[in-house]
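See below for the structure under consideration.
Letters A, B, C and D mark the chains in the order given here, with residues in each chain numbered from 1 onward.
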Amino acid sequence: MIIIVKPETKKERVNDLIHWIESQNLRTHLSTGDYSTIIGVIGDTSKLDSDLIRGLDIVENVKRVSEPYKSANRKFHPQDSVIQVGEDKRLVGGGHFAMIAGPCSVESEEQIISVARSVKAAGATMLRGGAFKPRTSPYAFQGLKADGIELLVKAKQATGLPIVTEIMNANHLPLFEDVDVIQVGARNMQNFELLKELGRTRKPILLKRGLANTLQELLMSAEYIMAGGNENVILCERGIRTFETATRNTLDLSAVAALHEMTHLPVIVDPSHATGVARYVKPMAMAAAACGADGLIIEVHNDPPHALCDGAQSLRPEQFVEVAKAVNAIRATVAGLDEQ
Amino acid sequence: MIIIVKPETKKERVNDLIHWIESQNLRTHLSTGDYSTIIGVIGDTSKLDSDLIRGLDIVENVKRVSEPYKSANRKFHPQDSVIQVGEDKRLVGGGHFAMIAGPCSVESEEQIISVARSVKAAGATMLRGGAFKPRTSPYAFQGLKADGIELLVKAKQATGLPIVTEIMNANHLPLFEDVDVIQVGARNMQNFELLKELGRTRKPILLKRGLANTLQELLMSAEYIMAGGNENVILCERGIRTFETATRNTLDLSAVAALHEMTHLPVIVDPSHATGVARYVKPMAMAAAACGADGLIIEVHNDPPHALCDGAQSLRPEQFVEVAKAVNAIRATVAGLDEQ
Amino acid sequence: MIIIVKPETKKERVNDLIHWIESQNLRTHLSTGDYSTIIGVIGDTSKLDSDLIRGLDIVENVKRVSEPYKSANRKFHPQDSVIQVGEDKRLVGGGHFAMIAGPCSVESEEQIISVARSVKAAGATMLRGGAFKPRTSPYAFQGLKADGIELLVKAKQATGLPIVTEIMNANHLPLFEDVDVIQVGARNMQNFELLKELGRTRKPILLKRGLANTLQELLMSAEYIMAGGNENVILCERGIRTFETATRNTLDLSAVAALHEMTHLPVIVDPSHATGVARYVKPMAMAAAACGADGLIIEVHNDPPHALCDGAQSLRPEQFVEVAKAVNAIRATVAGLDEQ
Amino acid sequence: MIIIVKPETKKERVNDLIHWIESQNLRTHLSTGDYSTIIGVIGDTSKLDSDLIRGLDIVENVKRVSEPYKSANRKFHPQDSVIQVGEDKRLVGGGHFAMIAGPCSVESEEQIISVARSVKAAGATMLRGGAFKPRTSPYAFQGLKADGIELLVKAKQATGLPIVTEIMNANHLPLFEDVDVIQVGARNMQNFELLKELGRTRKPILLKRGLANTLQELLMSAEYIMAGGNENVILCERGIRTFETATRNTLDLSAVAALHEMTHLPVIVDPSHATGVARYVKPMAMAAAACGADGLIIEVHNDPPHALCDGAQSLRPEQFVEVAKAVNAIRATVAGLDEQ
């Protein structure tokens, strides 16, 4: 951590600050320049509150040199984390690819089982489906809730696919007992109370990046879960909000490369929500596979035009077959390159 | 609502869609152009799901003409809403100005009562103070929680100022019984489960705009609360996230003018969080008063350099006296202009 | 075009507007709703000024249904454009891939010829190099200017690679006679005076997307060039400015898919400027190839740590060999899928 | 400047870097920590290229402590700059307020003289009017060009108001001889070739902030003009591009406070282009005056519904009278507070 002291600060006041920092078991180096005095803080500064120091009247600015996330940091955990999902321990990360597919919303037993069978046949490794739906409008369909989870469990029994579904309220946790991966949606990425509760479980958590959150904030939210003892976090890039309106959000694929450098956690990509357009899902899924994503989560519906939500971005099962084939071909090519 | 049908769609399929829409008690008008066919939907379309229609394979695009928010819409409620706060029914909105001040975090009985007395003397009409603190890092100070609320209540008893504090978890609601205004923070603006619970109370809710949320989304979140029966919503502009780094966020003051047109709900401004810099609070508070804000919420701390959070943006009580004086002078000038 | 008329507008005034529109050789359809009256305008509205109509006091809003770009619009030109570059007519677009590589700045004859030979050996089809450099700071190195172009021409003579370099001032056009592709940088995407001059040439123009420009604006800038008679435009996605700071810009790869739908012009990707980090160039180049980009433009320098600008994002020649190999493998895979 | 060296870098290589820096007449301080080694660079680093250093393979990151702009920097020029405009030397900055008003485009002699008389009567101190118009579409009205400037000069002769108009091409400079303030539009803020040419004149330059440019970049563009010897730069905040669509752009009024701290140059505000909505111009003009702007530039048209461009944001002369009155009242109040 670098502390830039205001020009013309009295020497004693700088010394007071240095003494206080050193009392926190940290070491300091002092540089005195023409226009500014700089204190370098050395040691584990991750628990030091930079806002507190920035608030001191003698301080002009504070810059972190090391990252404020620790459990998620690749520096302290160089190997890729591999997350185990479901009773038969399917792996995600470290070369193991997750192909998660299913409808935006669970609508009926027939629908979810039919979609589950289709996506399994096409090579999906997990089934997604919304039971509790975060909708911008209170007047829009909010999901089948507990009934939706029951139907997902039936689809798991019918197909053997582990199930992924979103939680919106920590009080609903008892309903998620048979859910294999609990998803935290983009709008809840900084719902810290929810993250803390999920840190007390040992379920894999699929943590989606918020619409306007930096990669560092995403890792701090992962840190909330991991600080509670649950290290089973899968990160998900799903598009960020920008000025562009040609796509619903802007898919930030360089986040995959950057996150792989910053953290050991697996990173998957959601091209359906990122683009909001079914026609763009296939090229973006291929791109995600090409740049090293550890998985994909894709919306597939047996009847997209009549889907109760987000029909615009859902693929039909036969389109998903094509996507899965293309993604596998890209992955095989990438694997071949890595082996050389 | 305008539905743009894809070129070369068969006439029968367009007719099917028209019949379905008309079966929802809406009327339609059909325009057939060279490059596109357009269906205009007439009537109350606020409960019609535009995503559903966009998902139909014959539909190119859907554009809303009327707003999807209803209870918050000024079109159906032309007069300003005036919210009553606390036992002595202090008013906010419709010409009544809220001057809310206090520390980022409640730290001790002495601190909160001392700040409360200072801000009251300077003209504050309510006391703010954080008990539950949403922090990006799990390692940062998270607030005194229930104890913090108790201390706020003591400060209310000592000064008569109504108290405003943030809720992060609907399960904490019983602790907020003596809180006069419940704040929903920017990161929870789309925590729909929390909003629904607050809709069941009758407490005034201070709803802060999310970092990347449009004004329409802010009103849809207000709608969640109002749809539950609680019409006591105060909106708060607190800066949005942009590429600029000279200020922590970008204060969007034109939101005050735009919201006053869109909705009858009062709109207040938080210059402390918007800028993140104590020196900019005074000019931005003056600007907010000049453009018609219904109130301000400002961070004041008796000892900003040692504040446990956000010291950088807190004013000292004597600085707040200057801000309050300047804001009152601007307000008097604006009132004088309106009377002419 | 859809014109939404303000509620309670007198009928005669609406009729006046309709007559005026029809006098422009356009047809109209009128829909009268409970809350709004809507005029649909049918015909070629691309030359109608929507701002002018929006400014009328009886108009609430105007929404375009058809796109304001015409020459670049795929609707009126369904086949991919194929651009011919250089004396030996290398093709870009419609399945022909451009692999453009070279240093940020031309520094010396030895440097540019050495890099040109390296990238040619690795499979590059064109050489890039900056002679006129747009730099944020007036104190930073601004390029070798005319001398830089001369050195590029020497590198072309030595290797046979067509050359691509940026223009910043239409007055410099005579210097670009032997340049094969003229680049318009992101900061000049809306330098309309420059675009008009380039429309008078017949050289291929590489038009980079501005930092905060929508895809529609990019196409309107292409339209400036094409309206002058020069249809040889190659579009380039090079990252947009967002709140994220982990990468210099945010590479918007879904722009490739969206642009391929909107326009017949080729679309290439610049992963070097988009990410600003050499380590991320390879995964992003692979992703671009996977989602159907018509080419790449990549910074390669023989000695990146000592490059006079942007060393951080430049690859060494031996790294570029790896990138080119990976991109070719991905392209072969994609081509195989398309053939099936 | 702070240079963070990569962990495990060999000591000799760090020493090489230190020697090179010291050879540039700068001093260094070295701090060696557990996770990183830091070199502090002391002295005038404004001409040191941080990208060059960031590109070195032993460097992890570079952070500037001091600003890269020098002529515009308030640190080296604590007093407000006061710019003299026109033959009668009207002042802008340092307490002197510029009230610039006029139409988006000059349309005819009658129009521009009529508007000039109206705005002068209402208290405008300068006349604005577009002769060369930057339009997104090549098919939209591009201005009367040289004829427009002639008409502006006639309006100056008729009213005595100095005139402000936009330049788009340095080749047009001879046409601007009788123009009092030359405006650089947002899209040309980083047209460095144009800025350099304007640096060779001694005319006051009104430099508008680009749609996605930081305040630091705005100052670097001012620096381009000032480095050429022209210190007469007036900065203009005119809204930035964000995700919000309720206003055309997002007016960043905290830029006024931040710029006043960073630079001695005057800062004016354009509420017309920032909001794009005539109804919001008055509240935003009042807010700008309240937070200390040194002037306003406002679109006024005698017949906004028929204006050839941007009618939506133009005020009628009688509305401008009200705006001017309100702004003057706010300014008087602010001046009264400052005197106390």
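In the analysis below, a residue touches a chain if its C-beta (ideal position, glycine included) is under 8 Å from a C-beta of that chain, and two chains touch if they have at least 3 such contacts.
Composition by chain, UniProt nomenclature: A, B, C, D = 3-deoxy-7-phosphoheptulonate synthase.
Values in this document were obtained by computation on a predicted structure and should not be read as measured data.
Participant: Any idea whether B-D or B-C has more C-beta pairs in contact?
Facilitator: B-D
Participant: What is the chain whose Cα centre is as far as it gets from that of chain C?
Facilitator: B
Participant: So which of C-D, A-B or B-D matches A-C, with over half of the contact pairs the same residue numbers?
Facilitator: Repeated interface of A-C: B-D.
Participant: Quick check: how many Å separate the C-alpha centres of chain C and chain D?
Facilitator: Chain centroid spacing, chain C to chain D, equals 27 Å.
Participant: So how far apart, in whole Å, are chain B and chain C when each is placed at the average of its C-alpha atoms?
Facilitator: 39
Participant: With centres defined as the mean C-alpha position, give me the chain B-chain D separation in Å.
Facilitator: 31
Participant: At least two other chains touched by the same residue of chain D: list those residues.
Facilitator: Expected reply: 212, 241-243.
Participant: Using the touch definition up top, name the residues of chain C that touch chain A in the complex.
Facilitator: For chain C paired with chain A, touching residues are 212, 214-216, 240, 242-247, 250-258, 261-262, 274-275, 277, 279-280, 283-284, 286-292, 325-326, 329-330, 332-334, 336-337.
Participant: In the complex, go through chain A and note every residue touching chain D.
Facilitator: 2, 4, 27, 29, 31-36, 38, 40, 42-44, 61, 63, 65-66, 75, 241-243
Participant: Spell out the residues on chain A that touch chain B in their complex, using ranges where they run on.
Facilitator: 46-47, 49, 51-52, 54-57, 68, 134-141, 168-171, 187-188, 190-193, 196, 210-212, 217, 220, 223-224, 227, 241, 304-312, 314
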